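Per-chain residue numbering starts at 1, and chain names A, B, C and D are given in the order in which the chains are listed.
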Amino acid sequence: MAVMNYAAAAATSLGDAMRRDSAVVALGEDVGRGGIFGQYRGLQEAFGSERVIDTPISEATIMGAAVGMALTGLKPVIELRVIDFALCAMDEIINQAAKNRYMFGGQSHVPAVIRMPIGIWSASAAQHSQSLESWFTHVPGLVVVAPATPQDNYGLLQAALQCGDPVAYFEHKELWALDGEVDPGQPVPLGKAALRRSGDDLTIISWSKAVHWSLDAAEILARDGIEAEVIDLRTLWPWDREAVFASAAKTGRVLVAHEAIQVAGFGAEIAATLAEQTDARVARLGGPRAPVGYAPVLEAETRVTPSRIAAKARELLAR
Amino acid sequence: MAVMNYAAAAATSLGDAMRRDSAVVALGEDVGRGGIFGQYRGLQEAFGSERVIDTPISEATIMGAAVGMALTGLKPVIELRVIDFALCAMDEIINQAAKNRYMFGGQSHVPAVIRMPIGIWSASAAQHSQSLESWFTHVPGLVVVAPATPQDNYGLLQAALQCGDPVAYFEHKELWALDGEVDPGQPVPLGKAALRRSGDDLTIISWSKAVHWSLDAAEILARDGIEAEVIDLRTLWPWDREAVFASAAKTGRVLVAHEAIQVAGFGAEIAATLAEQTDARVARLGGPRAPVGYAPVLEAETRVTPSRIAAKARELLAR
Amino acid sequence: MMCRIRAFEDAAEEASRGGVAAFGQQAVGQAQVRGPLHLSTGQEAVAAGVCRHLRPNDYLTSTHRGHGHTLAKGADLERMMHELFGKATGFCGGRGGSMHIADFSVGMLGANGVVAAGIPIALGAAQSIKIRRVDAIAVTFFGDGAINRGPFAESLNWAAAFNLPILFVCEDNQWSATTKTGTMSAGQGAAARARSFGIEAEVVDGNDVGAVSETARGMIADIRAGKGPRLLHARTYRFKGHVSVDPAIYRDPKELEAALKSDPLLVTAAQLRAHGVAPTEIDAVLQAARTEVARAVETAGQAPWPAASDAFSQIQDTGAGQWL
Amino acid sequence: MMCRIRAFEDAAEEASRGGVAAFGQQAVGQAQVRGPLHLSTGQEAVAAGVCRHLRPNDYLTSTHRGHGHTLAKGADLERMMHELFGKATGFCGGRGGSMHIADFSVGMLGANGVVAAGIPIALGAAQSIKIRRVDAIAVTFFGDGAINRGPFAESLNWAAAFNLPILFVCEDNQWSATTKTGTMSAGQGAAARARSFGIEAEVVDGNDVGAVSETARGMIADIRAGKGPRLLHARTYRFKGHVSVDPAIYRDPKELEAALKSDPLLVTAAQLRAHGVAPTEIDAVLQAARTEVARAVETAGQAPWPAASDAFSQIQDTGAGQWL
């Protein structure tokens, strides 16, 4: 048990996995110097440049090569820096990594963890601020993960490396410095949500950085005696229906809050599923369908905030 | 007014646009020989190889170059063959074409029509059978279109070329040979759904090839006296809320049926919006979250069919 | 091997009539081999000449036109035909078909429906060989059109920067679908591009299996000796249309006519005759291949279809069973 | 021009302290220039030497490190600084910032946050020039690291295949973020790669504005004369970290020390002195630039922020107003 930040939790987790399993390797730009956010710190020193592999700026080939590595006995961790640049490697992720096993009738497996940090990274504007996790939930073959805490970043990375499937692994660009307790002995299973706060009046479902805003929103609501239950989904595919449905049955009202653009975001999937299968009232709050602007005032317009979540919750309660 | 197939309607429409507007050009692989589905037939002969441009197999650069063309006074029509290969050009579509105007504060515009046929193309297996239209509805800056008939392919292509925005234009891989009447004088506006069949018992919302299955499903239901209203959305972004909400108010039950994988498909957005804003009961039917297999029996499992739509409709009516 | 490939392609072509809608053709439904079928007829010498120097633990990636490569790498002909027929007994259990033919048991890591996509996969296999300190190499086949896609250049750079054990083979059939590749390719082709990354490269007559074999042998020996990547550019010709239903009306019939004169099977037959092999013996080889293929077609026709439930297996372990 | 770029970069750097979280630094919030700020300090001679031969109707695309290129293409310095401050009066109305600096009125079609993404855009502009029969050329700047991304190779091929009026300029500062580019780049670099596509290419000392200018002049004349694409590889050095907050502890301080000796401003000053220009005159130019920049910083500080509603304008016309 130690306090460390979200970036260090990832580096520690990867290091622990590499020590245990010689098949685990990491590759990507600038990983040798620890990654520009410290998320690979110390690893090349510990495991050498053959297992912590600096690469050219060749996203398509980074991902394609990782598929080749995975098919031949390795378990690559692929650094794509931010989801925005992962757009340069979509054929390799979607057509190659995700479909390989099925297409070849189970002759092959692609155990791989594809790190593609999401979210608004303050003042980084339209090409560095996207959250495209819902895209990957739409693609068969992929597991989709989005940790919100250092503990989960440690534990979910372990689980992702062990599961044997290609995992779209979404850290958040603004969580790197978040400190928290990390217990390496505490497993964090894929597909299990975490109850972050209990409440009876409504349920807020969230993941990644939006979990923290949701908790802040719950605080705001609590001042008026409204008790919100906050669920951190953690894994988007497969998502923890059991936890969500149980909470929905309890509160009868479910708000899904996420940073990604609301239109066709994963909130739509959850809300639609609830509408089809339960009597809960549903609402969503995601970003507007607008690129993220550079100036603080513009950026602020595209952010989902605690107060906006709280306002949306009140609206839902009034319905 | 003439009878022509869906491919010929597109070629005719593009030809008419090129005749009217010298800024319109087309580029992509094999367009000079008319495209492998005939969707560019006769155009290079008519307009020369400077305006109907054969390109190397370089999807990223096809799309990137088109952005440069659009920024400098042209209106490119970009042939990416199938959505599956468009994955090789995602940075250019998402980070460059879609965001350009906003990022540069309105100094620029990217009038462009990006043709990326969707759908299962029989016996073409996992890498040639995807329907990823929901991804593009999630991306600000883009208009999203999916014509179901020759008339709409003619008219929507006209509208797409005139709108001045980058348009993700999704023809269907199995509709090329579909014949229908085409009246070039009949405009088909963006953002307007088409009522394909009237009914009072439930509404089926659909687009692209699934419209035809939905109409067949309505026939099946009609045998049992169930009258389904069938709405062809035609434009996914902006979608025709007015038409959908009006029908939902009338029937009280809405089924969204699409070929794309159900999980995080655009049906989720429509269902979630209806659940948030109306009292209609909603249901979705999309493909399973599974890659499309080659053998007919496997492929059939991943197809949305008239009988499956009808069965889902009955389920919804029983709820 | 070349005869087996030719016999296979001819039989597959025969079984594919009406199997796909494109090039103005409609799918008629009752074809035994459905979907886009890309034949390597006329290009047999490249696959045969290169792969004879490979061991089962060497890795290979291929293209949409991958039957010849797969056979040459040692895959079972019958199971391949079964896969083309979409049967449960095929290599991919009917899930993949022609464009996704693969036999991982002999190191054949897959055909690919996306042009140039196999190249980085082989590159990764080569890096994996190095990391795991295995005595093997990786080989990747790709077309002349594929060299204009970014991943080819990225992979050349990477292979050279890491000195990886990989052989790049450009199988140049002069066409990219309906486009004459020369009109869309600048410079002196794949070999020149490889050399700009410091990779040794050679151009050979891809219709002469002896020439291909001889050059590949030397290059593969170098690669095994740790001398780094090599590129082989083999010039050949696509006898058929882009896919089996494509009548290829966009090309000058004279071009095909001329190319047929360098049919690699004829070239080899002539060489063998010059070495004193009796024509009947040569015919017998092709005859034997045709008999083998005919048997494969027959068993493929009788083999069972996959179960419908196979549509939902081998996708992923995590969350298996949850398809909606 | 070089002095104006230097003064601009120095001021921007000053205004950006604490402006972004990366490289172990935290954003403190009150910085005037926020977000990743990539400085071209030390690379001024490349922008200046190339762009002096361009006309306003020539097109230019740039990289994440695009201030120098933009100024050299003729953009207004003050409006640039306003954009870096995120103000309504900036070129992009505060929507873009440093990574998306652009001035379409002088043909500067944009910096780019994605490595190598500007290259195909310039290529398309060049094709557009040809289609519209305009008398102009396109130029694209990119880094040494960018040449390993596929779009660079794709664009070289395309430019040569279509004989387009485009100048490729590789601004080689020896580093790609925290990685020494040489370790990741095979072969003889950008020029060798261009030649493999049949594109004429030259390597110049990018710290010598005279040398850059002379070579660019010749190449641009050739391009204007319809002789097709050219590539210029200019060797220079990145004086600062990758972004302004990066202390660049990963590189040998001696390397920087040596590089500072070839500071393009010093090189030029020495040349001017040798031509009899008085040192005071030279100083005056830099001083004037610093004064101009100081004024820009001042007005930028006072300029108005964009309206919140600007977050929802200039996105798209079709469906405008529908953001949820």
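We take it that contacts are C-beta pairs under 8 Å (C-beta built on N, C-alpha and C of every residue); 3 or more make two chains touch, one makes a residue touch a chain.
Quick caveat, the model's predicted, so the values are computed rather than measured.
A.B. asks: Please identify the chain with the largest separation between its CA centroid and the CA centroid of chain D.
C.D. replies: Between chain D and every other chain, the largest centroid distance is to C.
A.B. asks: For chain A and chain D, what's the span in angstrom between their mean Cα positions?
C.D. replies: Computed from C-alpha means, the inter-chain centre distance equals 34 Å.
A.B. asks: Let me have the rounded angstrom distance from the C-alpha centre of chain C over to the C-alpha centre of chain D, please.
C.D. replies: Chain centres of chain C and chain D, defined by C-alpha means, are spaced 44 Å apart.
A.B. asks: Calculate how many whole Å lie between the centre of chain A and the centre of chain B, each centre taken as the average of the chain's C-alpha atoms.
C.D. replies: The answer is 30 Å.
A.B. asks: What positions in chain D touch 2 or more of the other chains?
C.D. replies: Answer for chain D, listing residues that touch two or more other chains: 92, 94-96, 100, 112-114, 148-151, 154, 157-158, 161, 183-185, 315, 322.
A.B. asks: Of all residues in chain A, which are in touch with two or more distinct other chains?
C.D. replies: 55-56, 58, 60-61, 84-85, 88, 91, 95, 102-103, 125-127, 140-141, 237, 263, 288-291, 293
A.B. asks: Would you identify the shape of the chain contact graph, picking one of line, ring, star, complete or other?
C.D. replies: Shape = complete; every chain linked to every other.
A.B. asks: For the complex, give me every residue of chain B touching chain A.
C.D. replies: It is residues 60, 84-85, 87-88, 90-91, 94-95, 98-99, 102-103, 125-127, 130, 132, 134-135, 137-141, 237, 260-261, 263-269, 271-272, 274-276, 282-284, 288-291, 293 of chain B that touch chain A.
A.B. asks: Show which residues of chain B lie in contact with chain C when the two form their complex.
C.D. replies: So the residues of chain B touching chain C come out as 29-30, 32-33, 36-38, 54-61, 84-85, 88, 121-128, 174, 176-177, 262-263, 288-291, 293-298, 300-302.
A.B. asks: Report the residues of chain C in contact with chain B in the complex, numbered from low to high.
C.D. replies: Where chain C meets chain B, its residues are 19-24, 26-27, 34-36, 86-88, 92, 94-97, 99-100, 112-116, 145-146, 148-150, 176-179, 183-185, 242, 250, 305-308, 310-312, 315, 322-324.
A.B. asks: Could you pull out which chain D residues touch chain C in their complex?
C.D. replies: Interface residues on the chain D side: 148-154, 156-161, 183-188, 192-193, 195-199.
A.B. asks: Show me the residue ranges of chain B that touch chain D in the complex, using the header's touch definition.
C.D. replies: That would be residues 25, 50-51, 53, 55-56, 58, 60-61, 63-74, 76, 91-92, 95-96, 100-108, 140-143, 163-167, 190-191, 237-238 of chain B.
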